[in-house]
Amino acid sequence: MTELTPVKLNLSPATRLTLLLVTVILVCALFLTWNVKASWAFTLEFRGQKLISMVLVGIFIAISTLLFQTISQNRILTPSIMGFDALYILIQSIMIVVVGASSYSILNEYTKWAIEISIMTGMMLLLSKFLFRDSAQSIQLLILSGVVLGICLSSINGLVFRMMDPSQSVVAQDAFFASFSSPPMALLQVSCLILLSCLVFLYRYHHQLDVLSLGEQTAHSLGINYSRLTQHVLILIAILVGMSTALVGPITFLGLLVVHLAYQLAGSYKHKILLPFAAILGVLVLVLGEFILQHVVAFNTRLSIVIECVGGVVFLALIIKQAKS
Amino acid sequence: MTKMTLYWALAFVSLIITSLLVGTITLDSANFDWLLLSQTRIPRTIAIILSGMSLSVAGVIMQMLANNKFVEPTTTGTVEWAILGMLLLLIFYPQASLTVKLSVSVLFSIVGAVSFLLLIKKLHTRSVIMVPLVGIIYAGIIGAVVNFIAYQQDLMQFVWVWIQGDFSMILQGRYELLWIAGLLTFLAYFIADRFTLVGLGKNVATNLGLNYSYVFAIGITLVASIAGITVVIAGVLPFLGLIVPNIVSLYFGDNLRRSIPLIACLGAMLALVCDILARILVHPFEIPVGVIMGVVGSVVFLGLLLRQTCHD
Amino acid sequence: MIELKNVALSYGHKQVLNDINLTLADTGLTSIIGPNGSGKSSCLGLMSRLQKASAGEVLLDNCPIQHIPANQLAKQLSILRQDNHTNARIQVKDLITFGRYPYHQGRPSEQDLKIVEQCIEYVDLRDVQDRFIDQLSGGQRQRVFIAMVLAQDTRTILLDEPLNNLDIKHSVSIMKQLRKTCDELNKQVVVVLHDINFAAHYSDTIIALKNGEVIANGSPAEIMQDSVLSHIYDMHITVTDIQGKPTCLFYS
């Protein structure tokens, strides 16, 4: 595990969290009100929708990545590097092909997500068998396998996409190329529901999560039902990854970036602090990033591209650092 | 052994014949169009064989240079650099001739290959896994840079479609420069022993009197040239240079004098199989062969990695 | 004849070898001994041009080693380094045949193949000659590399800890083979050894390095003394005479 050296500010974790919260509220306000060109009503609604999806995605990605790293006791793995967002998209494609374009469109949103999430959870549970090994070599092998699996799934998805007939591909396009600006209402509703249940779960179990990060043996000896807790957390991760991919598509490195920033800045190892810190930081990175790209910098670019580039460099640095130790 | 060779030769010939006959219009005794055959099918088949052959051999040379069996031009940033070069050329000098395009592509490929090999040299790692992992991430970073520039210039859709490995655009008169890649492959075969020695490590190679840096430079030039040329004419054909040498190595080892001909043949055959599939899966439409290769290649790669897991 | 004149080697701030002056005998077996980090491998690396000296000259037969064309040098001097990890999957026989590369450049003749067969016999690998080296044990792999160097048939052979990974039987057999090569074929063999007793038993000259400097250079009789060895290794070592050969004991 990479060494944690929290930033040497003499601020308590609670203070840091509060500061962060204030910052993010300010940034959101800025995002909503800066340089309004059209009517206020329209702008607020348009930007508001965008803001809500960014908030949701930021929280989901941050939390799912943090939980994944806790379970695997490894600070380089994330669900997206293991190919899970690619998996989500593939499941959707296959469903469209199997069920048919028209049936898919009228499929009950909840049924759709239930099927997708259960398949993803199944894969997560399967993967969990491989997560708990100690040697550095097998972790690296796991990372590489995950990366290649992600490439494999994207390739298969590309193939399925090209084999669809036109009606199916139209439906698929809508499903895949969601961006921050146009999430369907139903999706947002489900996301908020999930966010609430997630918060409840984490509030109840955050102490146990702290113990979980100490490893299986320690957890057992401290009386935690390790396998059951791990399963519950994996299901939660699957749901969160599914939701964020549904909202904005795959962003491979956002989670890694945010979580590592959180490790550095939060000032505590406890999930009680880390989880909210990472979540708010996730929102901050997205909203601030989007704000800067839109208003400050002259570039015309997508935030996802910038994240991929920066994240890739950070990931590379992390791998090299781990290899050297 | 000769019986096996006969079967494989027969398989190869049948693949070639299938490739000549199958397509949007299926040629058979009733429907025999010489023009179609000579203008598109024959050039296409030749292009497939040349690309498959040269990319596989480029892969094995890169593996010798990097002392790692899981690298090849499309998974280490070499091809991404070539795409970057082509993109910049498109933006600044769109009326470039094919020769200029090829030169730019090869030059940028050389930069890509050299930068990757320098990067892993800095790593000082023995791990068989680290090197390809770093390669893939490095390729991703350069890919993101390409995306960044393409998005700026509103060329995103265009770039990724145009760079996709696709033999459907091959016509008589538009692919001949691929023969250069073929020639480079033969050259590689003639100096195969030198590359095997490089694969044994710098100390062993130097001990046996090899001018290591010189051979290394020739190797990089060969790999980058083949990658650069095939990207411009045929597009990106992923994983071919990785899986073919690994499969051949499993049975025949890494003595390049023995294995390069086998790698070339298997590479050509695999490319033919993928392209034939690309033509028949949604007949009469075509899927770009790069898509098929991406699936086949990544699945085999995954299999090779799992095999590695069992070894540890 | 190998000569090192005022040779120094450093990596960044680290001084590995300091003002080395050596003239190695033209024929016979010379052992280089010394504690870890004394610069023994680097010394060999410099002698074989695999490493470049930061200062001073390395001469082979009175000619600076970097001026000798690569292919010619490969026929005069061969080296086997300590670290021969390779990912390449090569057959035993093929690898040893590569030892003849300076002569056949990729097209081995009948003569080359005969020499290869002989070398396979010397290292007792006849049974596994068609296997891939990654299918062999560490000791077998080491013997393959030794055979490769023997096949190169150079006048000067440098070996860096060749007995690593070898069991007693094969260690003795290799040392006997090297001794025979010196005696019958008039070759010059320079070996870095960890086992002082092997050095004493088989060498004509022993050179001791410590902290990057030569602190002893002489016949086994001269070096195998309590005081000398204790000084080299910074521990209490006793030398006794067993069957007419000096043997040292350091186990307690």
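Labels for the chains are A, B and C, by order of writing; each one numbers its residues from 1.
One rule holds for everything that comes next: a residue touches a chain if its C-beta (ideal position, glycine included) is under 8 Å from a C-beta of that chain, and two chains touch if they have at least 3 such contacts.
The shown structure was predicted, so the numbers you read here are calculated from the model rather than taken from an experiment.
**Q** What is the shortest path, in steps, from chain A to chain C when you may only step between chains that touch?
**A** When the steps are counted carefully, the minimum from chain A to chain C is 2.
**Q** By mean C-alpha position, what chain is farthest away from chain A?
**A** When every chain centre is compared against chain A, the largest gap points to C.
**Q** Going by C-alpha centres, which chain is most central here?
**A** B
**Q** Can you give the whole-Å distance between the Cα centres of chain A and chain C?
**A** Between these chains, centre-to-centre, one finds 57 Å.
**Q** Using the average of all C-alpha atoms in each chain as its centre, how far is it in Å between chain B and chain C?
**A** For chain B versus chain C, the centre distance works out to 42 Å.
**Q** If you average the CA atoms of chain A and of chain B, how far apart do the two points sit, in angstrom?
**A** The separation of the two C-alpha centroids amounts to 34 Å.
**Q** Do you know which chain C residues sit against two or more other chains?
**A** none
**Q** Where does chain A touch two or more other chains at once, residue-wise?
**A** Residues of chain A touching two or more partner chains: there are none.
**Q** Provide the residue numbers of chain B that touch chain A in the complex, in ascending order.
**A** Chain B residues touching chain A: 123, 125, 127, 129-130, 132-134, 136-138, 140-141, 143-145, 147-148, 151-152, 238, 281-282, 287-288, 291-292, 294-295, 297-299, 301-302, 305-306, 308-309, 312.
**Q** State the interface residues of chain A toward chain B in the complex, per the touch definition above.
**A** Where chain A meets chain B, its residues are 135, 137-138, 140-141, 143-145, 147-149, 151-152, 154-156, 158-159, 162-163, 299-302, 305-306, 308-309, 312-313, 315-316, 319-320, 323.
**Q** Considering only the defined contacts, which chain C positions touch chain B in the complex?
**A** Touching chain B from chain C are residues 48-50, 70-75, 78-81, 83-91, 94-95, 98-99, 101-102, 105-106, 132, 149, 152.
**Q** Provide the residue numbers of chain B that touch chain C in the complex, in ascending order.
**A** By the definition above, chain B touches chain C via 64, 67-69, 126, 128, 192-194, 196-197, 199-204, 206-211, 249, 253-255, 257.
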